[in-house]
Structure formats: C-alpha cells, structure tokens
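Below are two complexes that have chain A in common, paired first with chain B and then with chain C.
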Partner chain A sequence: MKKNWWKALAVVLLVFTVVAGMLSNVPRLAILNETIRNLYFHVPMWFGMILILTTSVVYSIKYLRNPTVKNDVIAFEAAKVGILFGVLGIVTGMEWAKFTWGEYWSNDPKQNASAIGLLIYFAYLVLRSSFNEQQQRARISAVYNIFAFAALIPLLFILPRLTDSLHPGNGGNPGFNTYDLDSSLRMVFYPAVIGWTLLGIWIVNVKSRLEILRQRLYETV
Partner chain B sequence: MRLFRIVALWCFILGSMAGLQPAKAQPAQTEVELSSAQQPEVEMADTLRQEGKIYVVVIVLLTVLTGLIIYLVVLDRKVSRLEKQMRD
Partner chain C sequence: MGQNRKKVLLKEILYLIRKDLVLEWRQKYALNGMLLYVGSVVFVCYLSFGMRSNILVAPVWNAMLWIILLFVSVNAIAKSFMQENRGRLLYFYSIVSPQGIILAKIIYNTALMLLLALICFVFYGFVLGNPVQDVPMFLLSILLGAVGFSTSLTMISSIASKAANSSTLMAVLSFPVIVPMLLMLIKMSKNAMDGLNRSASLDELLTLLAINMIVVTVSYILFPYLWRS
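== the complex of A and B ==
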C-alpha cells in the first residue's frame, strides 16, 4: 500500500483537474472563449507523451547496457502508452482546432511535425513485430527507439518554432504568453500535467507487470 | 478501508466545489465592468456556470473518470494476485 501512494495522487489530481478545470475562472479571450479549458486536457496529453516516451528511452538505454527482459518490456509498454497519449493529443488538437482555427487540419507546422513524429513511432511498432527472435527484437528496437526519440524532440520543440505557427509560443505568435502568467490557469494546468502523466505511468506499470508475468509463465511451461 | 477512501474522495470533491463557488461570486461583477470598459465583451459561459447545469457536466466527467480508474484498480489487483501466485 505504501508503494502505491502515487496512484492515489494521480486519482486526486485528475479529480481536481476535472472539477477545477470546469468551474474555475479562466481569462476571457475572444475566439478561444471557454475552449481555453482544453488547456487542461489537450496539452497534458503531449506533456504526458514526452515524459512517458522519455521513460521508454531510458529503459531502452538500460536494456542495451544490461539486457534483461524487464528493461525490454518496460521500454516497449511505455512506448505504446506514449503513442496512445500522442494519438489522443493529435485528435483532441484537431477537435479544438476546428472550432478556433476553422479547420481540423490546417497544415500548421506543429500539427505536421507531430504527425511525422507519431509515424516514426508507428514504425517502431511495425519494426518490433517483424522479429521472431526475442533478443534480436529487443536490441534492434531499443536502438531504433533512441533514434526515434532523437527525431521527435526537434520535430516538436525546435522546427515549429522556426516558422509561423498557429500554436501559441511559436513563430511570431504571442499566443499563450499573454495569459501564461495567469496564475489561475497554472494552478490547474500543472496538477493536470502531473495527474495525466501519473495515470499513463500507472497503465505502463500494470501492463509491464502483466507482460513480465506472461513471459515467466512461458518459461516455466 | 475501501469505504474510507471513497468517503475521503467525495469529501475532496465537495470541498473543492464549495471552495470554488464563493471565489467566483465576487469577481464576476468586477470583471464585467472591466471588460465593458476596456474591450468589446468576450462571450463566456457565465450563466451556464451560475444558474446553468455545468455541474451536470462535472458529474458526468467524474463518473467517466471514476469508472476508468476503478477498472484500472481492479486490473492492478488482478496482476498483483497473479504475481503473488507466481512467487509461491
């Protein structure tokens, strides 16, 4: 029970996110209107994805240094949950964009870059499924995972900032800067990021333990 | 133990709801004055949050969240039980 305090923390933070996210005061901005509350649900998907994919890369590097089944399983499960968060992020972003930018997909640099990033990670899943031999699969996908992560960071954080983007904080767009300082937004946004990320890590935790159990079962049978 | 946790959770929800409401009541008026003085009025769902049924939305979202979390907790316990069986 003592080891699981962070799961309780995730539940508390998510409940707080939903309640405060809907009821708290938010800055009054034209076009955005109440959709600014999506900040508590869309943006944490991306923050969560980055943090969970970082976990995945760390375990991939650990696997290359110390090839155990556990390291491989955690790297793979974290990558899958990270991809899930990314897909949710891109879908929620499209829904939000339709009503504020006018189009589901307006070829915004950040939209395009995140789509490319996700495709790179889809290739990771395909690559992984194309090996039969466990050690070969684990080693090659660990190496690929490191390259995928190294490609994702410039795609999401550097390239969109070099051109004009509809996304706040990119190009000449002041975007969130005008209300980034708003403490009422931050007060819900940071707990939301931590809550959603912890939920993702919880899913990784359960899935990895199940997968390790399954592999151990195959060994003994 | 489980009952205690559920009660604690609901106390937290009610507490956060009660904490938010008085905080909202006061600034609502000053903010309207501000916005009418400075810029064209920005549409927000004020009436929806005051007399409207936004709490229904909060309850629905909480129900969905609770359902998903209970599902995850049950899954977590099943895996723990399997781990214990494996160790024995």
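== the complex of A and C ==
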C-alpha cells in the first residue's frame, strides 16, 4: 500500500480537478466566458503528453544501452499513451477553438505543430509494426524514437514563437498572468496538471506490466 | 591516440565518398534517372498550370518549388542505403567505422542534392519564369535546404532500409521530421523572392543551422546502433 500512495493522490487530484474545475469561480471575460475552464482539461494534456513522450525517449535510450524487454515495452507503451494524450489535447482544443476562434482548425502554428507531432508518432507505430523480429524491431524503433524526438523539440518550442499564434499568451493575446488576478485559476490548474500526468504514468505502468507478463507467458508456452 | 583516430576517420570518409562517386559514375542510370525526374516534374507543373504563368503567383511558385525539391530529395536519398547489397554491407562492417559511413553518406548526399536542387531551380525558373529579386539569398536558402534535407533523410533512409516496405516507410517517416525545416525554408526563400532586407531572414537562418547541427549530431550518435543489425 505504501508504494501506491501516488495512485491515491492521482484519484484525489482528478476528483478535485473535475469538481472544482466545474464549480469554482472563474474570471468573467469576454469571448472566453465559461470556456476558460478548459484550462484545467486541455492544457494539462500537453504537459502530460510531453512528460510521457520524454519518458518514452528515456527508455529508448536505456534500451540502446541495455537491451532488455522491459525497456522496450515501457518505451512503446509510453509512446502510445503519449499519442492518446495528444489526441485528447487536440480534440479538447478544437472544441474550444470552435467557440472562441470560430473554427475548429484555424491554421494556428501550435495546432499545426501538434498535428505534425502526432504524425511523427503514428509513423513510429507504423515502423514498429513493419518488423517481425523482436530485437530488430526494438532497436530500430528506439533509434527512430530518439531521432524523431530530437526533431520534435524545435517544432514544439521554437516554431510557435517565431510566428504569431491565436493562443492566449501569444501574438498580443493576453496570457495566463493577466487573467489570473486572484490566483483562483492556479489553485485548480497546478493540481490538474499533476493529476492528469500521474494518471498517464499509471496507465503506462499497468499496460507495460501486462505486456511484460504476456510476453513471459508466450515464452513459456 | 585521439589525433590518430581522427585521421583514420577522415581517411575512411574520403575513401567512402570516392567509392560512392565512382559507383554513381559507373551506373549512370541512377543519376540520369534523377535528372529526368527533375525535368519531367517541372514540365508536368508547367503543363498543369495551363501554360499561363500569370495565375502562378509568387507564394504558389515558391511552395511548388519546395515541394518538388522535397520529392526529388526523398527519391534521390532513399536509395543511398537500399542500393547496397548485403555482401558489400558486411564487407564495410568489417573494415570501417559506422561514424565514417554515416558522415560519408551525409556529405555525398549533400553534394548530390546541391547538384539536383541547382539544376531544378535553373530549369524551373527557365520554364515557369523567375520572380526572385534577391538571387544570392535564394541560393543560400537552397543550399541550406539541400544540406538539411540530406542530413535528415540520410538517417531516415538507413532506418527505412531495414524494414520490409521501405519506400512507403521512407515517405511516412521523413515527412513529419522534415516539415519544420520546410516551413522555415519556405519563409526564408519567400523573403528572398520579395527582396526584403536580409536581416529579416536571420532568425530562420540561425534556426535552420541549429536544426541541422542537432540532426547531424543525433545521426552521428545513433547510427552505430542501426549499423549493428
């Protein structure tokens, strides 16, 4: 039970996020109105995605140094959960954009960057599925994972800063700090980020343990 | 000791580049095929625009040139590892270091891409008109594009060559990786077309150089792991 305290923390934080996120007071602002609550659901998806994809790359590097089944499985499952978070981030963002910017997709640099980022990881899945031999698959997809991540960083952090974005905080739009005069948003936002990220780690944990067990089962049968 | 290893690496790289050049020269069909590919793609674009270049406004002209260059480079570089047969790879495995191979391939592909890109630009400008105002800057963006495409595509082609359906995989793996580079290049070359002040493109230039450095470094570190299989 002592080892599982973070799972309880995840549950508590997420319950808090949903309840407080829907019921608490938020700043009244034109255009944004109540959609500002999306801050608790959309933005943590990106934080979670980047953290989990970083985990995936770390385990890919570990695999190249020490090729074990465990490192490969964790890298793969983390990449899949990262994709799930990315898709959820895009969907919540598009829904929000429909009400605030008027279009689901308005050629915003951050939207484009996230779509390209997802394409990279879909390519990773396709690459994995095109090998039959387990060791070759693990090593080559680990190489691509690291290579693609190195190419993804400039995309996510440099490109949106070079051109104006419609996102709050970019291109003359007021950001987080100006909305949040009384810190009421932060009170829910930070727990939300931690809660969603912990949930992602939990999913990776369960799925990779299951996958390792399954592989062990196949070996013995 | 370190000095000596560097010398050996340099010698390997020079030797491998010479080998690629000789091979290319002996099997001229590959090079001629690429040249014909460039020519026919440009001509197809010319015909599809109905031979009226007045509907071909500057941004379209620019975007189309870069799309042509992208497809040419994917096709040209895809073969850099697939054309090597198993026996030859095994032979290299026993005599040279993997770092030597990847660096030699990157340098050779850069030279090849530069040649193809310049020919493409000249022919494209000849057929569809040349609205570029600042030609040296435009050529610089083509140079950076050739270097960037060849560095990232060389690594991707070595990954794709290990898989089963390598030609599809080559496109799928390379496009998302190359898109940031492509966006920068299109912006930079658009600035050169409009004859803007050169300092306007400084941001793009530096970012492109930085991306290229990252890609070369990562390829240098990762290639030995691919090479082993």
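Heads up, the rule we're going with is that the second predicted complex is superposed on the first by the 213 of 221 C-alpha atoms of A that agree within 3 Å, B and C clash if a C-alpha of one lies under 4 Å from a C-alpha of the other, contacts with A are read in each partner's own complex, and residues count from 1 in each chain.
In this section, a residue touches a chain if its C-beta (ideal position, glycine included) is under 8 Å from a C-beta of that chain, and two chains touch if they have at least 3 such contacts.
Everything numeric in this text was worked out from a predicted model, so none of it was measured.
J.: Based on the superposition on chain A, does the combination of chain B and chain C result in a clash or a fit?
T.: On the superposed model, which is not a single observed complex, chain B and chain C fit side by side.
J.: For A:202 in the superposed arrangement: first (chain B), second (chain C), both or neither?
T.: In the superposition, A:202 contacts chain B only.
J.: Given the touch rule stated above, what does A:14 touch, chain B (first), chain C (second), both, or neither?
T.: Only chain B; A:14 stays clear of chain C.
J.: Between chain B and chain C, whom does A:216 touch in the aligned arrangement: first, second, both, or neither?
T.: first
J.: Which partner chains sit in contact with A:22 here, chain B, chain C, both or neither? Use first/second/both/neither.
T.: Touch status of A:22: first partner only.
J.: Once chain A of both complexes is superposed, is A:131 in touch with chain B (first), chain C (second), both, or neither?
T.: So A:131 only meets chain C here.
J.: Thinking of the overlay built on chain A, is A:187 touched by chain B (first), by chain C (second), by both, or by neither?
T.: In the superposed model, A:187 contacts neither chain B nor chain C.
J.: Working from the superposed arrangement, determine the closest approach of chain B to chain C, counting only CA atoms, in whole Å.
T.: Shortest inter-chain C-alpha distance (chain B to chain C): 32 Å.
J.: How about chain C: which of its residues touch chain A in the complex?
T.: Where chain C meets chain A, its residues are 152, 155-156, 159, 162-165, 169, 172-173, 175-177, 179-180, 183, 203-204, 207, 210-211, 214-215, 218-219, 222, 225-226, 228-229.
J.: Looking at the complex, which residues from chain A come into contact with chain C?
T.: 64, 116-117, 119-120, 123, 126-127, 130-131, 136, 139-140, 142-144, 146-148, 150-151, 153-155, 158-159, 162
J.: For the complex, which residues does chain B have touching chain A?
T.: Interface residues on chain B, with respect to chain A: 9, 12-13, 16-17, 20-21, 23-24, 27, 31, 35, 40, 42-45, 49, 54, 57-58, 61-62, 65, 69, 72-73, 75-76, 79, 82-83, 86.
J.: With touch defined as at the start, can you tell me which chain A residues reach chain B in the complex?
T.: My answer: residues 7, 11-12, 14-16, 18-20, 22-25, 28-30, 33-34, 199, 202-203, 205-206, 209-210, 213, 216-217.
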